[in-house]
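Listed next: structures, encoded as C-alpha cells.
Shared between the two complexes below is subunit A, which has subunit B as its partner in the first and subunit C in the second.
And now, the complex of A and B:
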C-alpha cells in the first residue's frame, strides 16, 4: 500500500458495503462487498454502465436509498463510524460535511424558489444567527465561487437559467456549508460538451481551493480520467478494477475496463470497427456464478466460471478482480494498432443525386416580436450513399433542421428538397408525400419513448410495413428484425422487455420498413451505454454496406461523427458555421466555434490536462 | 474494523403488481354483481314491490318481510331489488356516454391542437364554471323531465373534468417520438389516434369511467332524493331514502338499506376501477 490510501488519511472509508433490494418478491443483491477510500483533497471516480450499482453505492453513503432497499457494511467518515451516529447526526453530517450534486440540472432545484434562497436554505444557522442580509451576501459570495459574478442571478428562478448555470447554482448550494466531500452523480451528463468542460474545471478548481474531496459518479471514462486521481470501475455490483487514473487508462488490467476503453469511439482516428462487447450487464438476481463478467469476456476460461475472483493487487494501489490478470496483461493494450481508414477507403458518394437539398431554409416559431428563430439559414446537401454529420449544441437548431427534412415541421421560408420534392412549397400531393417518406425516415434519441409501449415489437413493425409503397419490396417483421440483428422471437416482446439498445434497434428496423434511402439519426446513441453505443454504430455501418443507405447523423459527440460520417456541417445558433470533409474539419478546424467544440471533448483533457497540474503515477 | 451499519430505505411502496386478484377487489366485484343480477332477473325478488297493504305498514324485519315494510305497507326488500335497475342503469349510461364523448373531444383537442383545441377547451372551461348538480336540479325542476333528463344533463356537465384529464394525457403522448415516427412513416391521423393514442390512454379512460359511474350513483340518487329523478311511485333507492326517512324510527331498515346499498355500490365501483387502472397502467410503464 502506498501512503495515498492508508486509512489514516482517508476522509471517507467504505468497507464491505452490500446493498440489497427486492425484485419480483424475492430479495436480491444489488451491490456486493464494495470498498472505497477517498483521501482528503482527493478526487475519485466510480465508473460503470447502467446497472452496475454505482449510483446506489453512493446513495448508501448519503442515506438516500430508495424505499425497499437496504445497505449493510461499514462506512467511516473522518474516523467516525456512521453506524454509531444517530439518524439525526447523520442528517447533519450529510448537509454540512458530505454534499451531493445530482445529474439533472432541471429537476434538482426547486422551480418555485429563487436561486439565492436555495443557497441560503443550504446555509444552516447552527451556532450563529445569520441575518437575512448577511445570508444574501453569503449566497452571492457562493455564486461568485462557482463563477457566477452577476449577483442578479440570486434573484432569478431556475427556469430562467441555462442547464450549465443551474448546475453551477446547485454546486454553489452543495458547497455552501464548506463540506469536506462532494459527491457528484453524473453532474455533466445532461450538459453540452462546452458546458461540461466548464463544470468539470469548476469542480477541479473547487477541489484545489477548498481542499474538497470529490466522488464523481459517471458512465463516461473520459470524464473520469480528465478530473480524477483514482478510478473505481464497477460491474454488476462489484468493483472490478481500481487504481490511479494513468494506470487504469493506459494499462487497464481487467478485460471489462479494457472493453469499455476499446468500445468508446476515439476522437482522433477513424477505426474500422468498434469493439463489440456481446450481451449486457446482468441484472441483480441474475449474476452468473464465478466471475460476473465471464459470459461476455473474450479471455474467460473454465476457471473463471467457478468462483468469484477476489480483488488482488497487481501494482501499487492498482487492484483487479480477475484470475487471469497476470496472464493476459500483454493483450490488454488499448488501441494497440488502430485500423485507420484512409480517405480513399471512405465510401464514395454519388454527387449527381442529391437526396436532400436544402437552401436558405429558415424556421421560426411564433409570430411578430416574440418569434423565435430556430434555424436562421441553412444550406446542406446529402447525396446518395453518403453519411453526413450535423454537429451542434442544444439550441443550435439541428433537431429542427432534421424535423424539416422528414416533414415533421415545415420551413418558414427557403427550399427543403427531399427526393426532389420541395417541402417549402405550400400543399403537397399524396404522391409527393409518399416520395418524401420513401426517401427519408428518422430514428429518435430517447430509446424509452421511441416505441409505443402498448404495442408489441411485431405490431410496431407491421404498422410501419403496411405503409410501404405497393411497388417496392415488402419486408416482413422477421426479416426486419434480422436486419438489425435481433432474433425473430422478439416479435412477441413488448418494449418494456427490451433494453435501451434493443429498443433503438427496433426503431431502426421500423424506419427501414418503408425502404428509405436516407435515415436521419437524431442523437440515437447519446442515451446509450458505451458498449451498446458501439453495437448500434457497428450496426449502422453494416446496414449502410448491405442496403446502400445514406445517413444524416445529428449529434453533439464529435467522436461519433469521426466514426460514421464522411462530411460534416457545424451548426451554431441556426447557422452553418463550418463544413467540409470530416477528417479535415476535425483535424484542422477553421471556425473558432468548431475549435472550441473540439477543445471541450473530455478525451482531450486527459492528454493536455484540464488545468495545469502534475499527476501522480504509480 | 468498525461496527457494522445498516441503513434502511422506507418500506412503504407496495410491489408494483401482485399476482392474482386481491380479496378486497374480489368482494367488491361480487357486490357489484348483485345489482346487475337484480336488473337482469327482477323475478328473482320476492313479492310485489308496489303492492300497498295498509295493514302491514311499518313492520320491522321478519321472515315474511326481510327488511320490513314502509309507511304504505310495501315490502322493502322487494323494492330494493326493483330499485336496482335505476340505481345501476342511470350511472352506467351516464358514465359510458360521458367517457365516450370526452375521449373523442380530448383526442381532437390534444392531437390536432390549433383552433379545434381552442374551441373545445373554451367550451369545456365554460361548462366547468357551472356546478352540475345545481343545473340538473334547476333544469329537471323547470322542465319536469324526470330521470332520463337528469342523466342527460349530468352527462353534459360531467364532460369538462374528463376532457381536461384525457386531453392532457393525449397532448403529452402526442409529442413523443413514437407518434412522430408514425407520422414520418405516413400513418394517417385517424389511425394514429385509434391504433396508438387510444390504447396508451386507455387506463385513464377506464379510470374515468369508474369515477363517473361512482359520481353518477351519488348524483342521480341525490336528484331522486330531492324528488326530481324518477316519477313519484316508482321504485328507486334515492326516492326510498327520501320517503322513508320520516319513519326511520319505526322501521330503521327501510331507510338504511337503500342508503347502505348506494354506499356499497359506489365504494365497490371505486375499488374495482382503481384496481383495474393500477394493473393496466403498470403493464405499460416505460422501464
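And now, the complex of A and C:
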C-alpha cells in the first residue's frame, strides 16, 4: 500500500479549500478548510453522509461548481497551482489529466450518441486527423480495457445497455485521454451489488495497469475500505478524520467515524441493536459552535463546544479533528462485543397461521410474443409474527411479487392468498379487500415521493385512519407518531419540512394506521444514509416487539436481511432460487447465484481482496 | 489482467431496418387515409351548399332551365361515387375546374397567390427558427441574467400581442412614421417585391419567434442541467461541440416538434397579415373565395392546406426519429 508522507509525490494537492454558496439570500459556508492529497497511483476515498460537502469538494477540483457557488483555496495539480491557470488551460486539464465519473450511469452518457463516438469524443476534438475508421478501432480497444469484449457495443446507444455496461462505457470515455487522476463520485451507488463489485474491481485494475490515481467519493464505508489506500471522513463541510484504510477501519479515532462503522449493519452477525446516532448532519449555515459533531456525540463535553478543533496527528499519517481523541481512544473499538441474538430467539413464528400464502404465482407483462415474465412459479409463505426477506437484484421480480401481495398488481395465474383471501380469483368483494388491506400494508422505497406533499403529516395519517374498518381499534395520529418515535408536534408539518428518515417514519406510521398484521417493506432503507438507516431498522425491531408485526422485507442489501429477518427467499429473474433460514442461507449458500451475491458485498472485499483472481465473474 | 467478459444484456430486436420500414409504410398509409377522408369532405362541400351545387354555380337568379343545363354540364346527375371519382382523378391532375369569381382555372389563381404567400411564410418561419433558437439558447445559458429577463419580456409581449396589432404597429412605425418600407401591396417583382414582403415577413416572424424562444429556453435549460452535459464538460470537450452534439441534439425533438407546430399555425396568421398589408396571397384568396362562395377555389385551397399539414406532421415525426434512436425502436417500448 502506498503511504504518503511527502508533498513531493502528490499528483493532486488540495489545501485550505473552502466553498461558499448562497442559501436564502445569505452567503453560507458549505466546505471549510479541506486538505486532500493524492499520490501518483494512490486511491483515496472521501466518505461522508449527505450534507457533508464531499461532492462539492470534488467538483471544486474539476471547476464544475454549480452557478452561485464559489471556491477558494489552493489546488495544485502536479505542482502547478490551478488558480494560476486560465479558464482555458483548466478546461484542457480536464479529461486530459483529471477525469471524472458520476453516479448515475443512466443519465451520464449522451443518449443520442453511439457509445464508441462518446468514448472517442475528447480524442477527436484534440486530433482532427483521427478518421472515423481509426476511431472505431480505438473505441473497441478502449472497451476491451474496461472489460467489454464485444466490439458491437461501440455501435450501440446507451439506452441499449444495462447500468453496469453504461458505467463501463462512461469510465472508458473518462479515461480516454489517459488522465493521471480519476475522480469517481459514487460510481457504484446506483448499481446492483454484483455489478458494483465488477466496477470496483475494474477501477482497481485500471489503477494498477495505468498508474491512475483514484479519488473515490462514497457514502459507503465498506466500498471505501475495499478499494482505497487512504480514507478521508467528512462531516458538515470539514474533514474529521483521515488516515490509512486499515487504521481508520480497525481503530477509528473520531467518534463520527466510529458511529458510522457501528451504525452499518454487519453482514456476518445479527446484532441486538444498531448504534443510534441521534439528530442529523447540520446543514450549511447551521453549523454549531465548536466541534460540529458535538451535539450528536456521546463523548462530547463542554470543552468540545468552545472552539472548532484542529486536525491533529494521532499516529503516522492518521489525523483526527477531536479534542478528546486521546482520552476516548479505548472506547472506540468497532464491534467490540456484538450482542448476537441466539437462534432460539429468532424463531417465534406461529407456523399454523399463514398471513401470506403464495403458490405457483406467475405474473407477465404484455401479451403474445412480447410478453415479459416478471415472476414465475413463486411459492412464498409468511406466518404470523415472522419476518421474511425477499432478496434480489433489480429486475429480479421482487417488487412485482410484493405488489401482488398487497393487491396492487393481480397475478396472471396462481394463488396469492393474503389473510385467507385469494387475490388471484376474479372479482373480490369489499369485505375481501378490507380483509387484505387490514392484513398487509406496504411501505415504499423513495421517502421523497411516498407522501402527498399537499397534506400535512396529521392529514396523511388521518386519511389512512379513516380507511380502517369500523370494528377495529382506531388509533389517532399522535399515537401513530409516538409509535414511530416522532413528536406529536409533527402533525402540523408538511413532508417538505421533514428529512428523508423522518418521511420514512411517517410512511411507516401511515402503514400502521389500519393495524395491519404484516408490513411489506420495499427497500425502505436503501435510499437512506447509514445512520438514518440504523434508526429505521431499530424502529422496525421495536415495532415488531411491541405490536407483534410480521414483515416481508424486500431488499438487495444482505446485511439488512441478516439484521431484520428470520427466513429469506432469493430471487433471480423472477424465480426463487434459494430459500431457508436467514443464517443458513447467508452462512452456507447452496445456489451459485446466492453465493455470487454474498461474495459481491463490499464488506467481504477487504478481508478477501477485491479482485478475486481465482475465478471470473460470469 | 482479468477481463470480465460482458455481453450486452438488452439486445434490442427492433433495431434493424425492417421494422423501421414497416413503421414508415404504416405512417405514410395513415397520412394517405387522412388526405382521402378530407378530400371526401371537400367534395361534399359542393352538395352541402344551400340550394344544391347547381344553385351555387348558377347564382340566385338562375332559371330552372339554366339549373338543368348546369346539372348536365357538371354531370351532377351521375351517382355520387362516380362524381367523387371524377373529382379525385382531376384533382390528381391538379385540375380543380374553373373559379367562378376569378374566371380562370383554379390552379392559376392558386399558383399566383402562392408566389406571394410561400416566400412570405418561408421567410417568417426561417427567421423565427434561427433567431428564436439562438435567443432561447443564449437565455438558457445565462438564466436569470439581464439578457434572459429581456428575452422573457419579449416572449411575453410577442406571444400575447394579437398578430394584426403587431402588423398595424409595424406598418405604422416603419411604413408611415419612418417611411422606410412600403406597407401595401406586393410590389412589382424583383427587389421591389422583396421590399414589400419585409414588414409582413417580420410580423409573422415575431409571433412565431416568441413561441420558439420559449420552448427552446425551457428545453435547453433542462438539457444543460443533465448529467451528460456535466460529464462532457468534465472530459474537456470543446464548448462548441458540447453545444451542438449534446445540447442542441438533445433538445432536437422538442425544437423540431415546435417548429412544425409553428409552421402550421402560420397558415392562419398569414391570412390576417395579408389582409393588413393588402397582399394578394393565399389568405386573401381564401377570404375572397368564401365571400364569393367560389366552391372550386375553396375546395382546392382546403385540400392543399390539409395536405400541407399532414406533410408537415409526417416530416416532423421522421426528423424526430432521425434525431433520437430511442424513437426508432419499438416505438415507445424503451424506458429512459
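By our rule, the second predicted complex is superposed on the first by the 602 of 618 C-alpha atoms of A that agree within 3 Å, B and C clash if a C-alpha of one lies under 4 Å from a C-alpha of the other, contacts with A are read in each partner's own complex, and residues count from 1 in each chain.
Throughout what follows, a contact is a pair of C-beta atoms (placed from the backbone, for glycine too) under 8 Å apart; a residue touches a chain by one contact, two chains touch by 3 or more.
Computed from a predicted model, the values in this text were never measured in an experiment.
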Subunit A as common anchor, with subunit B and subunit C clashing or fitting: fit
Subunit A-centred angle between subunit C and subunit B, computed on Cα centres after superposition, in steps of 10 °: 30
Contacts of A:102 with subunit B and subunit C, given as first, second, both or neither: second
First (subunit B), second (subunit C), both or neither touched by A:462: neither
First (subunit B), second (subunit C), both or neither touched by A:70: first
A:441 touches, of subunit B and subunit C: first, second, both or neither? first
Partner chain in contact with A:449 - subunit B first, subunit C second, else both or neither: first
First, second, both or neither for A:596, with subunit B first and subunit C second: neither
Partner chain(s) touched by A:121 [first = subunit B, second = subunit C, both, neither]: second
Touched partner set for A:156, first subunit B, second subunit C, both or neither: second
Subunit C versus subunit B - closest C-alpha approach in the superposed model, Å: 5
Set of subunit A residues, in rising order, touched by both subunit B and subunit C: none
In the complex, subunit A residues that touch subunit B: 15-16, 22, 25, 60, 63, 65-76, 81-84, 403, 406-408, 433-434, 437, 441-442, 444-446, 448-455, 463-464, 467, 496, 507, 510-511, 513-514
Residues of subunit B that touch subunit A when the two form their complex: 1-13, 15, 176-178, 180-187, 195-196, 199-200, 202, 284-287
Residue ranges of subunit C in contact with subunit A within the complex: 1-12, 15, 226-228, 230-239, 241, 245-246, 249-250, 252, 323-326, 333-336
Subunit C-touching residues of subunit A, taken from the complex the two chains share: 62, 64, 91-96, 99-102, 104, 106-113, 121-122, 125, 144, 147-150, 152-153, 156-157, 159-162, 164-165, 168, 170, 173-174, 176-177, 198, 201-202, 205, 209, 370, 611, 613, 616-617
